[in-house]
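Two complexes come next, and they have one chain in common, chain A, joined by chain B in the first and chain C in the second.
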Partner chain A sequence: MSTSRQSEPDDPSANEKWAASLLLDCAKAISEKDSSKIHQLLWMLNELASPYGDCDQKLASYFLQALFCKATESGERCYKTLVSVAEKSHSFESARKVILKFQEVSPWTTFGHVASNGAILEALEGEAKLHIIDISNTYCTQWPTLLEALATRSDETPHLRLTVVVTVSMGGSVMKEIGQRMEKFARLMGVPFELQVVRVASQLGELKEEDLGLREDEAVAVNCIGALRRVGVEERGDFIRMLCNLRPRVVTVVEEEADFTSTRSEYVKCFEECLRFYTVFFEMLEESFAPTSNERLMLERECSRSILSVLACDEDGGGECDRREKGSQWCARLMEAFSPMSFSDDAIDDVRALLKRYRSGWSLLPAQGDDSGLYLTWKDEPVVWASAWKP
Partner chain B sequence: MMKGDFEVVHGAINLVQPSETWDYTPAGFPVPHHISNPPTSPTARPVLDGHCTNTDLSDLIMEQVASPFSEASPSTTNGFPMDTSALPTDNITTSPDEYRSRKAPRRVYERTVCGSGESRSSSKSLAERDHEHGLNMITLLLECAVAISTENLPQANRMLLELTQMASPYSASCAERVVAYFTKAMASRVMNSWLGFCSPLVPHKSILSAFQAFNNISPFIKFAHFTANQAILEALHQKERVHIIDLDIMQGLQWPALFHILATRADGPPHVRMTGLGTSMAMLEETGRQLSNFARRLGMSFEFHPIAKRAGDVDPSMVPSQRGEAVAVHWLQHALYDATGPDRNTMRLLELLAPRVITLVEQEMAHTGSFLDRFVESLHYYSAVFDSLGMSLPFDNPGRHRVEHGLLSREINNILAIGGPARSGEEKFVSWRMELACRGFVQMPMSGNSMAQAQLILNMFPPSLGYTIFQGDGTLRLGWKETRLYTASAWTTRPTR
Partner chain C sequence: MFPSGTMSNSTSMSEEASVSSDTRAHDYNNSMGSLCTPISPPYHQQQQQEPQPKAKKKRSQPGNPDPDAEVIALSPKTLMATNRFVCEICNKGFQRDQNLQLHRRGHNLPWKLRQRSSKEGVRKRVYVCPESSCIHHHPSRALGDLTGIKKHYSRKHGEKKWKCEKCSKRYAVHSDWKAHVKTCGTREYRCDCGTLFSRKDSFITHRAFCDALAEESARLMAATTDAAAATAMTTSISHPLLHHPLFLPFSSCDYLPNPNPNPNCNTSPYQVKPHNPLPSLLHHLPTTISPYLSATMHPLPTTRSATISTAAGGQMGSSMFDAGDPSAWQRSDRLTRDFLGAAAGDTGEEGLLSLTGALGLDLVTAASCDRGDHAKHFVGFPPVTGTWGDC
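Moving on to the complex of A and B:
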């Protein structure tokens, strides 16, 4: 796209990165309560935005929705409607199709899986009874590889109990089919297997030790993928302490690298960070998928719900929390109850091998300084953080 | 204030009442379609996979659309409460809240007679589920349109939220793609109703490139160009000096073909003066350069005059006629932006020009009138266009997506916007053919040669089984199956004395 210095007055979209410019101006206008400017910018965005166009048009479309809801104070209602509609049209087949395709074209989720599995296998080496508590948003796609490793690696295949913790927005509705498939697969692999599903009614932060049904003789691993960010900000400390009380051998934490938490009282700063993160994500999606991919569209729509939740809903608005924090922030929290565990060379090799299977642009970056963990980078920008912790 | 070099189009931000103030009386012009029998209930039909699967769902659209709307106030659907407090009402300029009797759609559509559903469905339950999904989408779409037409914006907004999650523009089903774009247009409309602004932003570059792409994959534009060129050729027979005025020249794709024929005329090429109207002077000048180069290569004497104005804003003195010149005026109607401005003025200009021939190609759909009328007609219209694209290209073809998104979606957006494509409150003609007839222009029937041109173009496109040419009332119409989409006609000034 050519950047014309003197763009036609009729064609603001000829400017590169026009969306970011208009969106930020609108966010500022909203925080300054400049009514006429808000109207002007919403109008322009409405004219230029499209959820089916290029990256700028898509970002404009989804962020416009958030801005509009913010300006009309209809965020919660809008979010609730979107979530309930998504739930209705959500099916096992559709969810499966989307995530499998995503994993095929991008290491965004598989990076965390490979790193975490490496840490879990290492920590549970030699144990006969394993209990993995899985709090993640990837529909158990992590576990087949682990089951395979358990079946082929150890002399005596251990018994694996898998507890999957779900909330409504984290795939609760499709667990039945997923569970059946997991059981079948484990049987195929010859791994003694037990599955239980724990449904948390509303907020993930309400999960209690008693809900998990721990047994005396098992070695526990807790796997949190995109989970901690769904715990209410004020409750994160308690949640981490609760995890510690489970006396796990290892806790694996994978989160996306963005900070919507420390800025949550400053609208414009939070907006900027949100826009930054989703610009990277959408660009990554555009480069990874075919131009007319339905799966990519589903992922984009999921993003739009998150964007709405962060930018147009109040903390206690009743929507589920979705406030990301960066790796260094999670480190600070986790260090209160755990000590960092570094990934073994084998695990890191596995991750490197994984990245080779995808298009170029992806790389690894170990955490710097006091922080622990491993970053997945896309075009040199850290996007996903994976870490392992022990008590 | 804003970064970048853009400013508000046309200077003023008009606060326009979102209420439909443009009533019209049904034209005396013959209505092509009539419903005589009430539609029968749809039977479950298996869904095709792979290539376009829309035959069954398009039928559903037609059936739903053909039955007159019974209720203006939508009942609660899907358990959504009737919540009227979602949007601050003081910001919405509303018309009186009472129920207004709707006009029945100007054209009601016969059920498309279709039966070409090869059933290759994998499992009955999947097909039934898809069918139900399709029905739900269309029902919701129609209810949403009714909500907008009665300005129940909160209700419409809620339904749109649902619709946006249900329909994908990348679907194998043409009907679902249509729903996705109609949903997008209505969402945009709801926001504009709330904002109270109306003037559109027109990104000309991307429109032109989408227009060209459409021209490449579809015969409609070529049909317009070639049949009009034929009529112009016949009218300019043996004329030495000609003045061609294109009311919306864009990139002038039409003219090289005509120049070629004029240049190789038996009695030598005429001197051609061309006046091109458009919205962007830069683009007009570029078009002029291209056409001049082409004419020069053909050895044809040629002058080009750009006018960066809409036809209705043109002062007739800007288009002076020269003695001994035969004047041809051409206009291809579209909904990408308002090309003509105040239609009365355009008509006055035409009268003053007193052309030897006016070639007109109109879209068979309402560009003006009540929201519901525009909605119903455009749904029918674009379903047919999307169907035709679906037959030519697979559902995941990026070129097809570019045309649907960059061109057709834009038109749909404009048709459903407040006041239609013009969005200006200026009075727009319902039917140009009717207006020309009323103003004393004489229709010249499209000749057999024009018909031959149309036929030739169709033969260029493989699935020519779907495209249909209708001939009647002196016009030539190109359509898709039963739906007439573009009508070409030619007119001349009644000789005085």
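Moving on to the complex of A and C:
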């Protein structure tokens, strides 16, 4: 930490949560267009921030970037640069390493996988031909355990067709490699398997039924993990209706519990929510990984694009949309076309058993009241929401 | 518990059918009560009686019930009942009448253990499942012993009352549950690459993406085409600066579970580790293998694999140099990758270096050029290094 400000009455970096207060002040200054204050705060943050420091320093670093771009209206350009850098260094090996390590130390993604697989297996029980449409951001790590379950649980192993929907942000070579591994693994498990990759040209919201190549005799399940938030806010209703038209037996939806949508016209409120969510996420990462973990660094860097997109890009300009909504909000949307399906006791037990295998701090919370689904909580704070729906 | 070979069942009439667990002919009064309804006595069997001592009768093949046997259909209530033989003194329940009789001895009550006398015309009994949708409902799929049908009914159609705490697996039969709990969590899973797992789900997920799986398939394919082997062993580029030393399929740095980095990895990045995973490739013959896979297996080309490794080692050895020279790394990199048949035209180091170094500056200067007065203030910003942009 810098010692050059000893003349100041209170050194901001000495406070516990100095990053939060500085960042919020800066967001307010931007929203009020107080340019001298903006400059001062940006300068201070830049002094204190570091992506290699503690949580506060990291948050300061990534949020500073977004604030800077907001102030200079360079969000779109910065986003494009980040995307191109990520693409160049992105490989199957690195993606695999990061996500497998993440799943080893934290149930953040495996929670959704276990809950969804439970719902899918139950809904497709007894069917001979299965077609799972997978729109997710977890690189097919959900499917090996499902393949194993299909191979061992059922008397007659069904035929599984997997359609993976990817947007341009996921590199072609990565998906090709993943596909090959899935095919090999299915062969090893003895599950008749077919894989197709569907690439959506620009926005996920443009996915059409025709793109998916559905067949008459198959039982369809749609699996959305971190998918709906990538659909443009105004197009979400249509997208959900499109999913309904696929006549699926079940739709599983998993999303992170944060609301960057309802406040998108109020910068400071949106900023607060964004900061709240990523503070929880970064703290969770810090406590789950070893201190010098390279994988954690990669995960943190991936957040920078999302943060930038929400806080410094216009709706249409920032490239891929990434506006999260909370479980109760998604419930309201999904109720328009679907009715909720509750998770079986067995599925919930599987999730509980999963959480037991991780460090303490994680827990399960069923949704309350009119809402449906299951929450993963980290230190009693709901962080991920999983749900299942039927037409 | 006495071996049923030396005891015969009591012939006293009890309301429910009581049989011992082996398939020998029993002596029963024909009036078995309402609970025992022979479905169809298709044939009449002449039972040959063996003289004492009885030779142990062979168990018939599973799935092939004796066509001459008498088919018994017991009610669900009978099948689920336990401890039907109750001591009149202390109300202790027993599964078998023999056990009750022996218990009665303790109360100084009259007890009677009858030798099982085989009469002419006594037929072997087989049991069908009362559940009409069950495959064992049909006499051709009847099960040969009472304990078997009872356990089957419980497992398939009964309530799973026993649950494993660790993995939440459910069991209807107490002994099944007990057997599972003994081994649950104690079992370790080992991947072909050498990594050990205590959790089945993380083992499965790892296995599906593990290079060892890819290599195994590559080996099989190598029997048909040379090119296939070379291509399959190619790895995608892992930047030497950011990650481990050049990630070769032969380098197991990633997979070693021990925390200390392997000395080979540190000192000579390009030295091929002679042991792992090649020996596992050579020795590995899949034990649990799906019929599909085994049908396509070809004799292993062990000599070919060995040749590749030594050749690679030779190549590596000849290009040893100071590890600090980046251009040298790249040369060796290219050598290796060409040898392995890697696609040319990968980015290599210099692309990424220029990006990381220049990115932050790019951002600042771009901003200052575009906006007039406003941005001038930001020129004074300390140049942000690659901390923001690189991924």
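Structure notes:
Note that the second predicted complex is superposed on the first by the 375 of 391 C-alpha atoms of A that agree within 3 Å, B and C clash if a C-alpha of one lies under 4 Å from a C-alpha of the other, contacts with A are read in each partner's own complex, and residues count from 1 in each chain.
Criterion: contacts are C-beta pairs under 8 Å (C-beta built on N, C-alpha and C of every residue); 3 or more make two chains touch, one makes a residue touch a chain.
Not measured: the values here are computed from a predicted model.
Of the two partner chains placed by superposition, chain B and chain C are both touched by A:Pro51. Once chain A of one complex is fitted onto chain A of the other, the partner contacts of A:Leu82 extend to both chain B and chain C. Ranked by how many residues of chain A each touches, chain B and chain C are led by C. With both structures placed on the common chain, the touch criterion links A:His39 to chain B and to chain C.
Looking at the shared chain after the overlay, A:Arg301 reaches both chain B and chain C.
By the touch criterion defined above, A:Thr292 reaches chain B but does not reach chain C. Look at A:Met182: by the touch rule set out above, it reaches chain C but stays clear of chain B. Contacts of A:Trp18 after superposition on the shared chain: chain B is touched, whereas chain C is not. Where the contact sets of chain A with chain B and with chain C meet, they give residues 39, 42-43, 46, 50-52, 68, 72-74, 77-78, 81-82, 85-86, 89, 294, 301. Contact residues on chain B toward chain A in their complex (touch as defined above): 1-7, 9, 13, 80, 83, 86-88, 158, 161-162, 164-166, 168-171, 180, 184, 188, 191-192, 194-197, 200-206, 279-280, 282, 395-398, 401, 405, 409. On the chain A side of its complex with chain B, the touching residues are 5-15, 18, 21-22, 25, 37, 39-44, 46-48, 50-53, 68, 72-74, 77-78, 81-82, 85-86, 89, 290-294, 297, 301. Interface residues of chain C facing chain A in the complex, by the touch rule stated above, are 163, 166-168, 170, 199, 201-202, 204-209, 213-214, 217, 235-239, 242-243, 247, 254, 286, 289-293, 347, 351-352, 355-356, 359, 362-363, 366-367, 370-371, 374-375, 377-378, 381-382, 384, 387-391. Of all residues in chain A, only 35, 39, 42-43, 46, 50-52, 61, 65, 68, 72-74, 77-78, 81-82, 85-86, 88-94, 96-97, 100, 103-104, 110, 114, 141, 143-145, 147-148, 173, 177-178, 180-182, 184-185, 187-190, 294, 298, 301-302, 304, 346, 349-350, 352-354, 356-357 touch chain C in the complex they form.
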